[in-house]
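So that you can tell them apart, the chains are marked A, B, C and D in the order they are listed, and the count of residues begins at 1 in each.
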Amino acid sequence: MIKNTFIRKKYFPITPNIDQLQTQIRANLSTTTCPGCSSRVSDDTLAENLRVCPKCKHHFSISAGQRIELIADSGSFKEFNTGLSSINILDFPGYEEKLEKANEKSSLQEAIITGYASIGGHSIILAVMDSRFMMASMGSVVGEKVCRAVEHAIETRCPIVICTSSGGARMQEGMISLMQMAKTSAAINKLNEAGLLYISILTHPTTGGVSASFASLADIIIAEPGALVGFAGPRVIKQTIGQQLPEKFQHSEFLLEHGMIDIILERSQIRDKLTCLLNLHKGGNNG
Amino acid sequence: MVKRQFDYEQKIKDLKGKLEELNDLSKNMQFDLSNEIEILEQKIQEDRETRYQNLEPWEKVLLSRNPERPGAVDYIAALCDDWVELHGDRCFSEDAAIIAGIGSFEGQPLTILGYRKGKNTKENLLFNFGMPNPEGYRKIERLLRQAEKFNRPVLTFIDTPGAYPGIGAEERGQAWSISKVLMTMASLKVPVLAVVTGEGGSGGALTLAVSDRLLMLSNAVFSVATPEACASILWKDLERVEEMAMAMKITAQDLFGLDIVDEIIAEPVGGAHLNYEATIAEVKTAIKKHLSDIIARDRDELLAERYRKLRNIGRFNE
Amino acid sequence: MVKRQFDYEQKIKDLKGKLEELNDLSKNMQFDLSNEIEILEQKIQEDRETRYQNLEPWEKVLLSRNPERPGAVDYIAALCDDWVELHGDRCFSEDAAIIAGIGSFEGQPLTILGYRKGKNTKENLLFNFGMPNPEGYRKIERLLRQAEKFNRPVLTFIDTPGAYPGIGAEERGQAWSISKVLMTMASLKVPVLAVVTGEGGSGGALTLAVSDRLLMLSNAVFSVATPEACASILWKDLERVEEMAMAMKITAQDLFGLDIVDEIIAEPVGGAHLNYEATIAEVKTAIKKHLSDIIARDRDELLAERYRKLRNIGRFNE
Amino acid sequence: MIKNTFIRKKYFPITPNIDQLQTQIRANLSTTTCPGCSSRVSDDTLAENLRVCPKCKHHFSISAGQRIELIADSGSFKEFNTGLSSINILDFPGYEEKLEKANEKSSLQEAIITGYASIGGHSIILAVMDSRFMMASMGSVVGEKVCRAVEHAIETRCPIVICTSSGGARMQEGMISLMQMAKTSAAINKLNEAGLLYISILTHPTTGGVSASFASLADIIIAEPGALVGFAGPRVIKQTIGQQLPEKFQHSEFLLEHGMIDIILERSQIRDKLTCLLNLHKGGNNG
């Protein structure tokens, strides 16, 4: 059932070019080499399989739009705060061009989409990051949209689900981007004070400023298999310590073992488990 | 070639040496050049002052990293009548990269938290170059909660390249330990004053900067990542760090302009490390002023304003 | 010789086997002994019931440790409509000796915490024989706070030899992690119901027993230390464990008499492991009754009573 | 100055036989072999040196009375709840005899002394355990006296200092003794709610039920050098894991390194540091 929704060629309002884009990609590349098992997988197979390698279960990246289709009840998603876009606060050389390219590549205004949705009939606030937009680095817009999503959750007394993927802070916004870590963490505290459920879903990769702020502050932390999650990137660590990193280092399986996350879920299981969790929190904090 | 150290002081020293030689020579030869030499000396002094008024951002990075600058330990020793250092995260380990304890500043008990860099190789190894592991952040977390229990204001000193990028640090949840401190600091029910005394590097430094007032020494810097890291990642060119340091707006003056810093504490000409006494006196004055301000404020209002300030950081089109 | 396993069931089985042989033989030989055999069967059944009514404390220790008894995992599976297991202490490690999550019991969401023993060698190694490390207690602590956030009652299942006595456990603060849970449980702002399903051993088991109501299965035990440890420490004589088990007052019945246990849940004759269905039905009834009681209570009153109950444990001359 | 107080032969009301006892001990044994460095130390030297080996700084056990003289302002200690003594709740064989012997040996009613005191002029509540009384194991009386001391602290809004040493739970009181862990931990929570300072001073040995309840719940944890502190005793651990334990395992230096305690203080430094800490908490939680 999920599968059908996923490959259904439905017009998807917030990412108007996504179908066209997918068609283009399929036309250009009819097979992909799986980084997990090196086998060649046809793009049709991948799409039918929620972009999970049927042989080794490697989870390929998916767009925010696909993620929303995957977990939200069909047609339930209503985007809010669509109008926000980044400006070059610091006059950082080349930032405008980067933003433009990211927009062209992803058909997105910025690296996160936020809105109302329902999952298994439960009203929630849903935020989804999209790594095609500048590696979903967090600048002013991502920080602001996360905070507003949290505020919507508080206003409507709904749970919030945030699907993360991010390379870290948006360096082109300097300290302003770093401060988004504090800003979003402060917002999550308001959520806690309001007694509202916050579930984060960590997807590959979630590192740097996003991992060390709202992503790791959820009540319940779910991760996709093999997702790389950590503060420092593996390259930086390798360079600092001058030695090889252990196998599966910073992967979600490693994080589960080290007590950092609650559950690893294959892509196809996420919606059902979210429904179950939302059922269990139905009463909110009215005990 | 990228400048790897700031050697302007050496040049001044050389110049002054030459001037002295000239003076000695002229005296031996019975010339009276004392007037001219005095003018020259004054000129050098003026040039030096102008030079320090106009440091390039990258030069400030180099200055801010000078291991001889006063650090948290020096400020605590100079500012506190009583001081008791406390240790441990109650979970895994003591982390010497974080100095933490209770001090009395002009009769006011404070929880004081800071990064601790070494002044020599031995100390650097001991303090891990001021780079905390998760245990350091968990020690901070513990002592913040204790400050809250005793309704004790918090004072922090920031000078770190950032959180340690090591295997163990990731295994034990570096990201988790940092985000928790950020959240706690944002909502801590006591006044929090933060002073950036040297290098503020990335999320690992931000933990202690979330505050009611953020002060910065005039040669201190604060950046999302080191200019080296940014130049290498964004431009794939380590040689362009000077340009990157400029583009990133990381100086106290830049950040004051961006409303992130509340006050700049003037360092003596030549930098904090050349005159501990003067530096500490300025820092003391600034801490006294802001601390008494935030302690006097209505607590709910103070907390609301701390949140509002954080909430409003960022600019975008809508 | 100290009895190391409780083999009464085997004797009953042997007896019944003989009876059957007798029956078969008599039939072959055209004797009609069916009446006599029925009487014998009834007698055996009656004796068996009497035997289980009069188990020695040490026999209960052996029964309570039977790896085939239903444990937290079995009760959760049988009692919950929905169940999501949650993992990790967010600090160092996941600890499989503790099972923790959110379950729905007759429509009521609960945070459920329990010890997890293995039913075979492989599971025992995986679950460390039900002996938690500090991470297990920190996972408990984390999920208790979460239960409080969501105003969700807590249900616990106790069956553990105790906290793991290992080098790493001490390094990472076993004592610290246990005391924190004890304090948290004592003051947790939601109803807490605890069920001792098997062996409750020492401080490592006490963490999950601090509650508004403490229930115990009829063959379960709870002791300050194992009878073996007490016999060896106090009497320097491991052979006297049976006597020690008696002296320590560790059975559900003893502890009910000491006002520590609120209700005894009757196990089927022969013990919980012989009839999961009947056991679970009894446990369900007891949980339902006490849970609805404590959920309905005024919260402040409930917490005050939990404290009062703890505060009053102990007897002395004054 | 502390030294003088310590060897001053002052009548000490709560432990009336202590001087007599000390004289007896000195008469019988004029030297002691130091377990730290194996050198023989004269008992007079030991007494002058606060029972710390002058060569290797090994801290010998001291009685509750000596501990009180060591840290409280001279003459400031007023004992309360003196009348509590243990009863044989479970009819445990031989318990009465054990209690009687412990009483004879220590001249104490039970393993803990509690009272009002001042340190550096600051009014505090002081509780001190004495390992001569049945290894200062915690039964009903110890649990009750700790709780009452906490309640006195809350009533008088004074800080509380507890000097611990204990072999663990009082096995002869079975579950009743185990429950004292929960009872005292619950009391410490009341102290936290009242915003009052609690300092624990861990002395050799502090293990089992005391380490895993009130001892480790202090705001500030001080330990004497070389004190063994842990949940499981080293013998049990060695037996379980079947291997040798690392040097200094569970010693206070090991605990400091592992982040479990705040400060290690030699016996002679404790009073001054306590005074300093009490100064720093003078305002209580009035900010």
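Observations, loosely collected:
Just so it is clear, a contact is a pair of C-beta atoms (placed from the backbone, for glycine too) under 8 Å apart; a residue touches a chain by one contact, two chains touch by 3 or more.
Note that the structure is predicted; figures quoted are calculated from it, not measured.
Of the two chain pairs considered here, B-D and A-B, the higher C-beta contact count falls to A-B. Our note on geometry: chain A versus chain D, Cα centroid distance of 54 Å, whole angstroms. Centroids built from CA atoms put chain D at 43 Å from chain B. Inter-chain centre distance (chain B to chain C, centres taken as mean C-alpha positions): 56 Å.
A straight line joining the Cα centres of chain A and chain B is 34 Å long. Counting partner chains per residue, chain C shows two or more touched chains at residues 90-92, 172-173, 176.
Within chain D, the positions touching two or more other chains are listed as 258-260. Of all possible chain pairs, those that touch are A-B, A-C, B-C, B-D, C-D.
Listing the residues of chain A that touch chain C in their complex gives 192, 195, 197, 216, 219-220, 256-263, 273, 276-277, 279-287.
Taken in their complex, chain B has these residues touching chain A: 163-167, 169-176, 178-180, 182-183, 185-187, 202-203, 206, 209-210, 222-225, 229-230, 233-234, 247-250, 255, 258, 260, 307, 310-311, 313-318. Only residues 82, 84-95, 102-104, 109, 135, 139, 146, 149-153, 190, 295 of chain C touch chain A when the two sit together in their complex.
For chain C in complex with chain B, the touching residues are 90-92, 134, 138, 172-173, 176.
The part of chain A that touches chain B in the complex is made up of residues 83-87, 89-93, 139-141, 143-144, 147, 169, 171-183, 185-190, 193, 208-209, 211-217, 229-232, 236-237, 240-241, 245-246, 249-250, 254, 258-260.
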